[in-house]
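Same chain, two partners: chain A is paired with chain B first, then with chain C.
Presenting the complex of A and B:
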């Protein structure tokens, strides 16, 4: 049986095909206006990539913000459940997971068997999410990769004191006018997001290692800053975007 | 039958207006469970709970109250300012929290309502204020609250032009004790497995009891309880939950449905509505005013405290609410900026986890549809976690 996990997020649709408890295929698409159409498209791509016979059963598990829009899903699971499954598959053992995507972030603490023990997330606020970076990139007119690169190389940090993403936009502009270097401004933006993420992690607690996934985990600077702020090792998987989709597929495996 | 209670909640303004028209009686609004409803009932008055205004845009309150004040109180005040409660003959305000204690001033300012005066002094103010003690046990507390209730009773007597006798109070106490007994029976049904009563149904029954005369509610609830006995249990195997929070009214009460749609059922709660005091009846051996005072001093509210260390006493109360209810998890649905609830939350959360092995989910509410929508995914994740 081929099990396809589809994670419908705010900015992207991610899918992972799992067969015999091993990853058979994976795909990422930009989210369109119709979540169900995008999910259908990504399923077709996964089916084309995954070796399976015509009469082999295919099951779909949907997760993410738009999971309820996926009309053909056999099962729907929350993001918390799926990142726990995915992280446990990749890491093994008890750990704390931080999943930061475009529309939200959550910390999930799991036990040695992968059971969710506690979780916490952001409220109606873009701070600590990928949307905050999108706004910052628009203001600075640079791409996300460039922002990360500049922040990594920066020696200083132009702080963004406000915790509100809307007000942060003017704080960033103000930092530009005050003559801060672009690298320091980018580092300040990453620091602002990291601080918000550590708040969420502290609510559930972390011991030795943090498993960091979701689109924000692609920002290497944030990973480094999390290590510094939390004082623990931060583990970012090879494909941080796909952890929830993988976990969704594993829900039925 | 359930639709009878639902109608009173949904059309509460029309229902209270209609009651006034039919009976020629007065309706007093009240905001908090420390209000001695029995005295109002004895005077023939309809005590009607003041609630927020749901998603109605807030037009007036910003001129008077900062944005970082309790969103539930802000919504109530805005409704008052817009005249949504203009049919009330008086409003009773208690100091159930810092912001609530100021409602007396805000309501008077936002919606002035002059009443009869003698030598420039109002016979009975439109907004009546009862300052209940924050510490509810120890020397002098009973005498103090009795004095507050006596002044309240005098205002009521002047407004309704009658003397409220002990016989009238005893008769009201009898009706209220029947109400508490019936509500306890309803509450006990929610401890059964499988369930015959959903949390949302029990909540609507409870909320409606705060809007109509209790004799009518008793009559309808007694009949409804008989119907419940013969009905089939609810389908499925819902996850049994305890709900804690403040500012739960007809609007934020949708949290019950959110929980039910996610596969859960609230089987016990501490939400500062009716359940705060139907756990115990009024002592009929005491003089009626003393009995009413003692009953109110036994209300378990996050604002009040006993001589014991406060959070411990509140935790013991929570334990008593969930006893025998086989609760698997606790949902805290707390209004933003609610100091009373937020200050005790960490202690109660730890107690539930360490002493009873019950995990908690914390949700904050800004009294908007957005908060309810946001709660959906978190409650689904919580129930998934409990089902694993």
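Presenting the complex of A and C:
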């Protein structure tokens, strides 16, 4: 049996095919189209890539903010359930997971068997999410990679609001007017997001290591700042975008 | 005797000149990067409007978030005190005030003497403020002033489920892409603002007469939706954006007359 986990996020659709408890294929679709159409498209691609026979059963597990829109899903699982499954598969053992995507962030603490002990999250406010970066990038007219790079090299920090992305947008503009360097401005943006993420992690607690996934985990500056703010090691998996989709598939395996 | 009230808000700055209990002149500008400069410019504008010179002013009170750094002699008084006073002068019967500004929103309860007895304020989140409307208007490519008109006649207004302006913007755009009529989306946007601010009113409690001030009071669509939720009509001052400055000018007069001096009031 081939199990396909599909994670419908705010800015993209991610899918992982799992067969015999091993990853068979994976795909990321940056989509502007409707969730159900995009999910159908990504399923086709996964099926094309995964070795399977024609009469082999295919099951689909949907997760993410748009999971309800995947009409052909056999099962739907919450994001926290799936990141817990995915992280446990990759890490083995107890850990705290931080998943930060475009539309929300969540921290999940799991026990040695992968059982969810506690979770906390925010999907109501753009602070501490990838959307905060999207907004900031629009203001500064640079890409996310560039923002990350500049922030990583910066020595100072030009602070912005940690409570509202819209107000932060005005603060970024006034930081530009006040003559702060672009690097310091980018560092301030990363710091704002990190501060909000730290709050979420503190709510569930973290011991030795933080497993950091979701699109925001691609920002190296945020990982570094999390380490500094939390005082623990931050581990970013090889494909941070795919953890929830992987976990979705594993929930049927 | 001439008195001035200067209200340096997050988005606009307002000033009025008071003489014998009457407004002699006023001015409104966008708040620039430099709040001190802005407060000076707006006061000079109001003086010009009244045909006066700075030297004739008997007292100046500043309010709003940029109130402390005005580059002229002044007393600073909180927005809550100034708004309450500004409303009380125009509508002595007012018991509840909703002030909806560019980047904040406050609900205030006041007594028959015009003293504020309770208030609640949101200045942390753009939801339920003028900024929410600005962000949504810009993304839907309509002007702020035409939102209400363009929202008319919507048979099935959509419901914006996101509180956050950033997410609401994406939600509105995805409805647009799916071909939902513009008026249905705009009606949903106006509903969303009314819903947010009404929650603030509920925190302080609603008692008649109910007054709405601030820039959003000029948005008939939002006002009507708040009235529907409140199940009562709202009184709106002729120039709702000037309420804080008006109150500040009245407090300047009061300070001068009672000779309370620095920090003696509010």
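Quick note on the criterion: the second predicted complex is superposed on the first by the 249 of 253 C-alpha atoms of A that agree within 3 Å, B and C clash if a C-alpha of one lies under 4 Å from a C-alpha of the other, contacts with A are read in each partner's own complex, and residues count from 1 in each chain.
We take it that a contact is a pair of C-beta atoms (placed from the backbone, for glycine too) under 8 Å apart; a residue touches a chain by one contact, two chains touch by 3 or more.
Worth saying up front: this structure is predicted, and the values here are computed from it rather than measured.
Enquirer: After the chain A overlay, clash or fit between chain B and chain C?
Expert: Chain B and chain C clash in the superposed model.
Enquirer: What is the contact status of A:135 with respect to chain B (first) and chain C (second): first, second, both, or neither?
Expert: Touch status of A:135: second partner only.
Enquirer: In the superposed arrangement, which partner chain does A:81 touch: chain B (first), chain C (second), both, or neither?
Expert: first
Enquirer: After lining up the shared chain so the two structures overlap, which partner does A:195 touch, if you call chain B first and chain C second: first, second, both or neither?
Expert: Once the two structures are laid over each other on A, A:195 reaches no partner at all.
Enquirer: Mind telling me which of the two, chain B or chain C, contacts the most residues of chain A?
Expert: Of chain B and chain C, C contacts more residues of chain A.
Enquirer: With the two complexes superposed on chain A, say which partner A:177 touches: chain B (first), chain C (second), both, or neither.
Expert: second
Enquirer: Touching A:229 in the superposition: chain B (first), chain C (second), both, neither?
Expert: neither
Enquirer: Between chain B (first) and chain C (second), which, if any, makes contact with A:121: first, second, both or neither?
Expert: first
Enquirer: Once both complexes are aligned on A, which of 61-69, 115-123 or 331-339 in chain B overlaps with chain C?
Expert: Given the superposition on chain A, chain B and chain C clash at 61-69.
Enquirer: Intersection of chain A residues contacting chain B with those contacting chain C?
Expert: Residues 124, which sit in both footprints.
Enquirer: Can you list the residues on chain C that touch chain A in the complex?
Expert: 33, 103, 124-126, 131-132, 135, 162-167, 170, 177-178
Enquirer: Of all residues in chain A, which touch chain C in the complex?
Expert: Chain A residues touching chain C: 10, 32, 34, 103, 124-126, 131-132, 135, 163-167, 170, 174, 177-178.
Enquirer: Quick one: in the complex, what on chain B touches chain A?
Expert: 359, 362, 364, 366, 370-371, 374, 377-378, 380-382, 384-385, 388
Enquirer: So in the complex, the part of chain A that touches chain B is made up of which residues?
Expert: Listed in rising order, the residues of chain A that touch chain B are 65, 77-81, 115-121, 123-124.
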